[in-house]
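You will see chain A twice below: alongside chain B first, and alongside chain C after that.
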Partner chain A sequence: MSAYDVSIVSIIGINVILAVSLNLISGFCGQISLGHGAFFGAGAYAAALTMVGSGSVALAIVAALVTGSVLGIIVGFASLRVRTDFLAVTTIGVNFLFVGFVRKQSWLGGEMGISGIPATGLGAAGNMTMILLFAVATIALSFYVGRSWMGFAFRAVGEDEGAAATLGINAGAYKLAAFGIGTALAGVAGGLYAFFTQFITPDAFDFIFSVMLMAMVVIGGIGSTWGVVVAAVGLTLLPEAIRFVNDYRLLVFGGLLVLVIRLAPGGLATLMQNLFLRARRS
Partner chain B sequence: MYYIDLAVTGISFGCMYAMMSVGLTLVYGLLRILHVAHAAVFALGAYVTVLVANATGSISLGFLAAVIVTPLFGMAIYRLLYEPLLKYRPDVPMIASVGLLVLMQDAFRIVFGEQGITFRSNALVFTTYNFSGITVSAVQIAIVITAAVVFTGLHLFTTRTRVGIGWRATVSKPQIAASFGIDPIRVRYLNFAIGSALAAVAGGLVALLNNLVDPGIGFVVSYKALAIIVLGGLGSVRGTLIASLVLGLVEAYGTIFIGAWLDRDAIAFLALILLLMIRPQGFTGARAA
Partner chain C sequence: MSAALALDDVAIRFGGVQAVDGVSFTVDQGDFVGLIGPNGAGKTTLIRIIAGLLRPDRGRVRLSDIDVTADATAARVRQGLALTHQIVRPFRAMTVLDNVVLGAGYRHTSNPFRAMMHVARRRENERAAHILGRVGLSGTEGKLAGSLPLGQMKRLELARALAVDPRVILLDEPLAGLNRTEASKQVETIGEVHVQGITVVLVEHNLEEVMRVCRRLIVLNNGQVIGDGEPRQVMADPVVHDAYVGGGMVNHAEG
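Here is the complex of A and B:
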């Protein structure tokens, strides 16, 4: 593999972790979060600082995970008070607040970010392998959660909170769990990103990035793990594969988001399911 | 004197926020959709104002063109994007709206360039008046006067005319309004038309103030508008006006006091998140979240 391939596969792995973890929160549990970039960023900064301080990869990953999930649970408390589109606005706010805060902190490098993060010592290919392992683990976790009692409760809360509560499901606890797990994974993705680039700036975690992640989830089919994985891989490769798309990345992402919601609100997953059903019926 | 200067800045920004948020809160009141793409309408208004002003040499003609073009665009968004999505959860049209905003933003960048465009002649921006030590720019005065005229007009329209009363009736009780012979679909178009025109005026004024329209013009302002309408209690015009002025002032003073550790643009969201945690239904509490 060339160095270019290694970096592309690494980015795909990171985006898969992010999209699948966002799908846990927004797809399974129905809590629309447009601030996933903030948790990704928090993890990246935590890992970067730990690496600069101690140089231990394992410690950096733990720091990224804990930072992501602590911030996530705090925001999760917001989801107990505000719902649907109010929650979406709150999470947008969290994203702006995160970037606005980090930009002004000299100990976080301010606008310039943190550069010269020590290498993991695994090499580019080793980093890529580690990222892929985490991505596979994330996908496996997503499937496991999807089939467990917890996944059932998530979907019940996502579909109809009142009905779920009537069945004795503690909606608040499950929402917090969804936020906690999803943002912990985003934090880990942030740590992996910091290992991969060795250089982070606040702008990498802005609201636009969160929208791109939401685009992956929605285009893949909100709630479907496979759909989201396919969309994350496809939407990461698209700008690389087609020169035109790279120049007009946001135009294409925004356009796809509008078209998919307008024409197939269920995303790729529902589209495939319908095709499959039609093929079987004929 | 310095603090009074800040107040002037805060109030003029507040008036600008008010003009751009009212359309947003009206759409929410009527359709329960967070119309994020309203920011694209705002940006379109700014671009049209500058382009037409440069082509004709008259800034007023620029504003006129913007007020004609953007309502058509706003109504098209409703017809093509929102109407077919009304049957889904409210976050579905909202995400579509975010997609449209990102798309439009990039389209502006591609068509008009990264650097944006400026007025060829903009006398207002360099004109300042001095009232016993307080400096006020002509654009700031224009913003405050425009807002006053616009909101007085809107008030008269919604309280004195048949169409305006029908509009308010539809917002508060759609079924009853419809049974009195008011066409709810026409009210929706009216709503998008007026909201978009107001956003376009705000966009044109911001263009005057900065003497620049760049692709990012709508972005941060748009999310502030979201914060404002939530603070104002979604759907409430009065709450939105108060929240706009409060935010303008909080930002102006906040930049001085907490600007060292927080971006100016993040202040609005800090206020928003704090308020939502204490009062999830916003200032006026018109509707539970």
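Here is the complex of A and C:
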């Protein structure tokens, strides 16, 4: 594999973790979050500082996970108080707050970010392998949660909190759990990103990036783990493969998003399912 | 007999309206109580207080002698209360079976961590299928709940309530929107539920059916209890009669 391939595969792995973890919050539990980039960033900064301070990869991953999930649970508390559409706006605010805060903090490197993050010692290929292992673990966790009673309760909470309560389901606890798990994974992705680039700036975690992640979830099929994985891989590769897409990235993603919502609200997952059913019938 | 449900001096005020004004009553385990009253009497408000959707300004709510006044709906359900909504609220994107399975597995969903540790559903599937049979929904298991006609959705609502093993079941207008045949079938099912030892509190406009099945009537008017006792005696009371006629409600045309 060329250095270029290794870096592309690494980014794909990170995006898969981010999209699948966002799908846990927004797809499984129905809590629309447009600020996933903030938790990704929180994890990246936590891991970067830990690496600079101690050089321990394991410690950096734990720091990234804990920071992402603590921030996520705090934002999750907001989801207990506001309706779904307001939550979307709240999370956008959180993302802007995060970037705005980090930019002004000299201990976080301000606008310049943190550079010279110590290497993991695994090399580029080693980092890529670690990222892929985490991505596979995230996918496995997502499938497991979907099959468990937790996923079952998530779906109920996402559809109708009041009705869920009449079945003894404490919607608030489940929403916090979804945010806690989803943002912990986003934090880990941030840590892996810091290992991969060894250099982070606030811009990498802005609102536009959060919207790209939501586009992956929606285009893949909100709630479908496989659909989201396929969309995350595809939408990461597309700008690399087609120069036009790279130049007009926002335009293409925005256009795709509108098309999917208009023509196939179930995303790729439902599209494939329908094709499969049609093929079997004929 | 112990009290399955007890209200003690419950009151709530909305702006200038005293919606519920010092309501106290006790429902014995195994009783079948009809809660009636003209429109605006405070029935729905009282139901919402019992269900934990509203906090009263004063007074206590007890389930099996446990004070649940400060508890949210989910916690009350775990204390043995089940409820159906006046306007049906199935999980439309789930199958009929899954709607009931989720209730039948309430022990697994007491908290997210516990729920995460459990995957198997076979026992709950069997129990849910059994409950669906009891309410006359056998054969609809695999359909999406959102695709059912209203009559069947009302039954599904009842099935979900039964799935959480309630001691007390609170039915908010389970007959509303049903035609005569559907309504009498639904009443029959509720009667069977009661025979199995579940305490039933029924809020209903369809007075004909209420008089037929309830063993006790509690009549609300202007947020207060104005009648309580054996249905025929209560309805013969001039105070109750006046409230109804004065409230402009025509008994049989409703529901």
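One rule holds in what follows: the second predicted complex is superposed on the first by the 282 of 282 C-alpha atoms of A that agree within 3 Å, B and C clash if a C-alpha of one lies under 4 Å from a C-alpha of the other, contacts with A are read in each partner's own complex, and residues count from 1 in each chain.
Convention: a residue touches a chain if its C-beta (ideal position, glycine included) is under 8 Å from a C-beta of that chain, and two chains touch if they have at least 3 such contacts.
Because the structure is a prediction, the values reported are computed rather than measured.
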*asked:* Just to be sure I read the superposition right, which of the two partners does A:R262 touch: chain B = first, chain C = second, or both, or neither?
replied: first
Chain A contact check, chain B vs chain C, more residues touched by chain B
Applying the touch criterion given at the start, work out whether A:G93 contacts chain B, chain C, both or neither, answering first, second, both or neither. first
Just checking: does A:V218 make contact with chain B only, chain C only, both, or neither of them? Give me first, second, both or neither. first
**Message:** Going by the contact rule set out at the top, does A:F207 touch chain B (first), chain C (second), both, or neither?
**Reply:** first
>> With both complexes superposed on chain A, which partner does A:L251 reach: first (chain B), second (chain C), both or neither?
In response: first
| Thinking of the overlay built on chain A, is A:D85 touched by chain B (first), by chain C (second), by both, or by neither? | first
- Query: Looking at the overlay, what does A:K104 touch: chain B (first), chain C (second), both, or neither?
  - Reply: first
Check: Given the touch rule stated above, what does A:A163 touch, chain B (first), chain C (second), both, or neither?
Finding: second
| request: Tell me which partner A:I32 touches in the superposition: chain B (first), chain C (second), both or neither. | output: first
Chain A residues contacting chain B in one complex and chain C in the other none
In the complex, chain A touches chain C at residues 144-145, 147-150, 152-153, 155-156, 159-160, 162-171, 173-174, 176-177
Chain B contacts chain A in the complex at 32, 34, 80-81, 84-85, 88-96, 98-107, 110, 220, 223, 226-227, 230, 234, 259-263, 265-267, 269-270, 272-273, 276-277, 280, 289
So, in the complex, the side of chain C touching chain A is made of residues 51, 53, 72-75, 77-78, 82-85, 89-94, 98, 101-103, 105-106, 108-119, 121, 160-161, 163-164
The chain A residues in contact with chain B across the complex are 32, 34, 78, 81-86, 88-90, 92-94, 96-97, 99-101, 103-105, 207-208, 211, 214-215, 218, 248-251, 253-258, 261-262, 265
